[in-house]
Amino acid sequence: MAGFDKVVHSYEEALAGLTDGMSMAVGGFGLCGIPENLIAQVKKMGTRDLTVFSNNCGVDGFGLGLLLQDKQISRIYASYVGENKEFERQMLEGELEVILTPQGTLAEKMRAGGAGIPAFYTATGYGTPIAEGKETREFNGRHYVLEEAINADFSLVKAWKADRYGNAIYRHTAQNFNPMAATCGKICVMEVEEIVEPGELDPAQIQTPGIYVNRLIQGTFEKRIEKRTVRQG
Amino acid sequence: MAGFDKVVHSYEEALAGLTDGMSMAVGGFGLCGIPENLIAQVKKMGTRDLTVFSNNCGVDGFGLGLLLQDKQISRIYASYVGENKEFERQMLEGELEVILTPQGTLAEKMRAGGAGIPAFYTATGYGTPIAEGKETREFNGRHYVLEEAINADFSLVKAWKADRYGNAIYRHTAQNFNPMAATCGKICVMEVEEIVEPGELDPAQIQTPGIYVNRLIQGTFEKRIEKRTVRQG
Amino acid sequence: MSLTREQMAMRVARELEDGYYVNLGIGMPTLVANYVPEGMEVMLQSENGILGMGPYPTEAELDADMINAGKETVTTIAGAAVFSSAASFEMIRGGHVDLTVLGAFEVDVNGDIASWMVPGKLIKGMGGAMDLVAAARNIIVMMTHADKHGNSKLLNSCTLPLTGSGCIHKVLTDLAYLEIENGAFILKERAPGISVEEIIAKTEGKLIVPDHVPEMTFA
Amino acid sequence: MSLTREQMAMRVARELEDGYYVNLGIGMPTLVANYVPEGMEVMLQSENGILGMGPYPTEAELDADMINAGKETVTTIAGAAVFSSAASFEMIRGGHVDLTVLGAFEVDVNGDIASWMVPGKLIKGMGGAMDLVAAARNIIVMMTHADKHGNSKLLNSCTLPLTGSGCIHKVLTDLAYLEIENGAFILKERAPGISVEEIIAKTEGKLIVPDHVPEMTFA
């Protein structure tokens, strides 16, 4: 690896350095756009006591749900628990620390972490349990809560295509949290469906510039569908 | 105009309602990507006592420089004055109130205004005259300044192509401040080189979603170059 | 007769206006999309990153990478935009969405809403609901008037952890359409065949009943 | 002999490393791009929204929509990305740029820098400089050792309005390469043929001179 070529050739190499007690920002919404092979690799590595920042925690037996099975996660910041029995069980029984975080606040906290903004004010959660213990403040007659940035040891994200420099684009709603998660980790590991040569992607259409990406790997994806809803065509 | 068709057919209509004493967030960097016809229309309207949020203020005789000539601007938030003699003269003689604002802070203040974030902390400007009178605060051992959002009465922006719904894409570095400026005005007026039908632009590549755009007009552009630098080819 | 889910959706659809950008919550609010009046255009925002959400896909169109905030597979309409979660909540939190429709466990006379947690029993999480209620200028809560045990969901003070505070002004239940003003529910319309007395009986929070409460119409 | 602008650029280029993302300020710092060592790749960031800035265009390539932060027409390299000002400063303020090179009017022993204003005389504005110095982990100030009147620009305390406070650790002038540590300039290298005495004479701020101060090399 020289210059700006971020490509690595094994999932072992992709996640080298991830150790017990570290934190990971993980892209995806439900099972859409999750870095499924990177997550599977974390399961294989057996890394424990992880702090995870992710909108959801997968489902029983897939995505981040795999890491719940083996109790590799100690603490998770997420907006939604529903549809994941093991997640709800571990939370209710106190085996897992869950910091429920409003979806927009979670996205903005990740972006802030990547953008050097240590904290910002938002109306979201004012007057609710989310604001407990946090500073609140009035601007122009409305009340706001101070929310701090998220910074993680690793970013685990999934994009559609990237060039070797890590300039990436996402496919449809598989974008979701991935661009923000990519920016807020010290080491950003991205898996993609296709690696292309620099120059093949339109510079104006890059959604995650390569400056954020440290390691890039091409994978194959199951892309499991959580709720298959169709109409008669 | 019905449904989501944002197209208007005259610059008069595009800027209807802009009156003396109002504020405008204006896209562009130098003379690149400026809404040149909208600015010319403001000159024609003779609207006075304007507050302007824009990285630069054009040059003598073009772009926002046109509005300086006629003293239509009372106050401007900008990061850079250089290369504009009338701007510098009006500022030094106190005819124009200039609130010099770091470039990144200006971009982030516009974004915050559009995104419902009333204020955020940034390291930029700590310990400098920019921080005077502002709250400062320590997070994790570093010092930060509290900066408040920009909200304007009008947004004047320039994009490359947009569909009738106002979904827009920008060309090269003519993007610059336009996407943020588009979000922080109560009424966003966008001029473009080409209006296309809904469905012609790739949904995943939209840079300003139509929800931000109130009025859309197709124009022709001079695109003056400020510093023409070339190499032998 | 209390309203069916479809009738509730039809009544909420009357609040739509041409050119509205609308966010419909998971579950019952989704049905509102089926009753957009003829000749009117509204555009659906889904907080996972769609402006211009379309119907469910055909088998041939099905794509794991195209889902809505309810994790259902969907399509986009011509003229849609797809973007990141941060960009989506810029729209929502910046107040650019014209109407939000969402469900609730409880609403009270102060405009407080509870919808994401029953301590010790159920924790769904708030998803995007806290963001939506904190920012939207125009919100309709769509829920049954009472829970399955017959307990009123329109209270003087919410008992469950809040989703938002002082943000709800319109409530459509299976029995009535109400507005919240000055610390009370105002009974604006009743479901066809439902008496004012029944609504009074099933409303725990302070209720103001005008002299005339018209029956609801749906178109 | 004091260094030429080109020699200064050559010396700064020695601080580059393979794979560095670099922001070069307007003016003299731009020249550094001409001296990237053979076999090494660096990528230029321009704060108006380019990662992967290329050389000036040919007449045929000239495009008003493609400029750099100095408002010069430029090109992009294969594998570039172009984005908004907000996205550009996310990179800069988030500390993702590996090296920033910029000019200054004054630098002092506390690592303070002044570069955007001479009260009553000159107001350029700070542009992106305040953002760059506040966030970059690795900054080199590139300037003449003294102004055109012979006044030292390396001070105990900046006299002009600051661009940033406590953020500068490396200074390359036409006479010397210095680092700032514990409230003093450390003289690390001197320009070929320039004596330590001359540097001492032209440095107003506290200067620590090690026993041996090697002459600068350029490759």
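Going by the order they are written in, the chains are A, B, C and D; count residues from 1 in each one.
One rule holds for everything that comes next: a residue touches a chain if its C-beta (ideal position, glycine included) is under 8 Å from a C-beta of that chain, and two chains touch if they have at least 3 such contacts.
The structure presented is a predicted model; accordingly, all values stated were derived computationally and were not measured.
Colleague: Could you tell me the least number of steps, going only between chains that touch, from chain C to chain D?
Modeller: 2
Colleague: Looking only at C-beta pairs in contact, point me to the busier pair out of B-D and B-C.
Modeller: The comparison resolves to B-D.
Colleague: Starting from the Cα centroid of chain C, hunt down the chain whose centroid lies farthest away.
Modeller: D
Colleague: Rounded to the nearest whole Å, what is the centre-to-centre distance of chain A and chain B, using the mean of the C-alpha atoms as each centre?
Modeller: Distance between chain centres, rounded to whole Å: 32 Å.
Colleague: Measure off the straight-line distance from the CA centroid of chain B to the CA centroid of chain D, and report it in whole Å.
Modeller: 29
Colleague: Any idea how many Å lie between the Cα centroids of chain A and chain D?
Modeller: The answer is 35 Å.
Colleague: Mind pulling the residue numbers of chain B that touch at least two other chains?
Modeller: 108, 111, 115-117, 122-123, 171-172, 175, 203-204
Colleague: Identify all positions of chain C at which a residue touches two or more other chains, and write them in rising order.
Modeller: Chain C, residues with two or more chain partners: 82-83, 89, 92-93, 135.
Colleague: Could you list each pair of chains that touch, in label order?
Modeller: Those chain pairs satisfying the definition are A-B, A-C, A-D, B-C, B-D.
Colleague: In the complex of these two chains, what residues of chain C are touching chain A?
Modeller: Where chain C meets chain A, its residues are 46-50, 55-74, 82-86, 88-89, 92-93, 112, 116-117, 120, 123-131, 134-135, 161-166.
Colleague: Applying the document's contact rule, which stretches of chain A touch chain B when the two form their complex?
Modeller: My answer: residues 108, 112, 115-123, 139-140, 142, 144, 148, 169-172, 175, 203-205.
Colleague: In the complex, go through chain D and note every residue touching chain A.
Modeller: It comes out as residues 18-19, 21, 40-41, 43, 45, 51-52, 76-83, 87, 89-97, 135.
Colleague: Mind listing the chain B positions that touch chain C in their complex?
Modeller: 2-4, 111, 113-117, 163-165, 167, 183, 197-199, 203-204, 206, 209-212
Colleague: What part of chain A is in contact with chain C in the complex they form?
Modeller: Touching chain C: residues 29-33, 55, 78-83, 88, 91-92, 98, 100, 102-108, 110-111, 122-130, 160, 170-180, 207, 223-233 of chain A.
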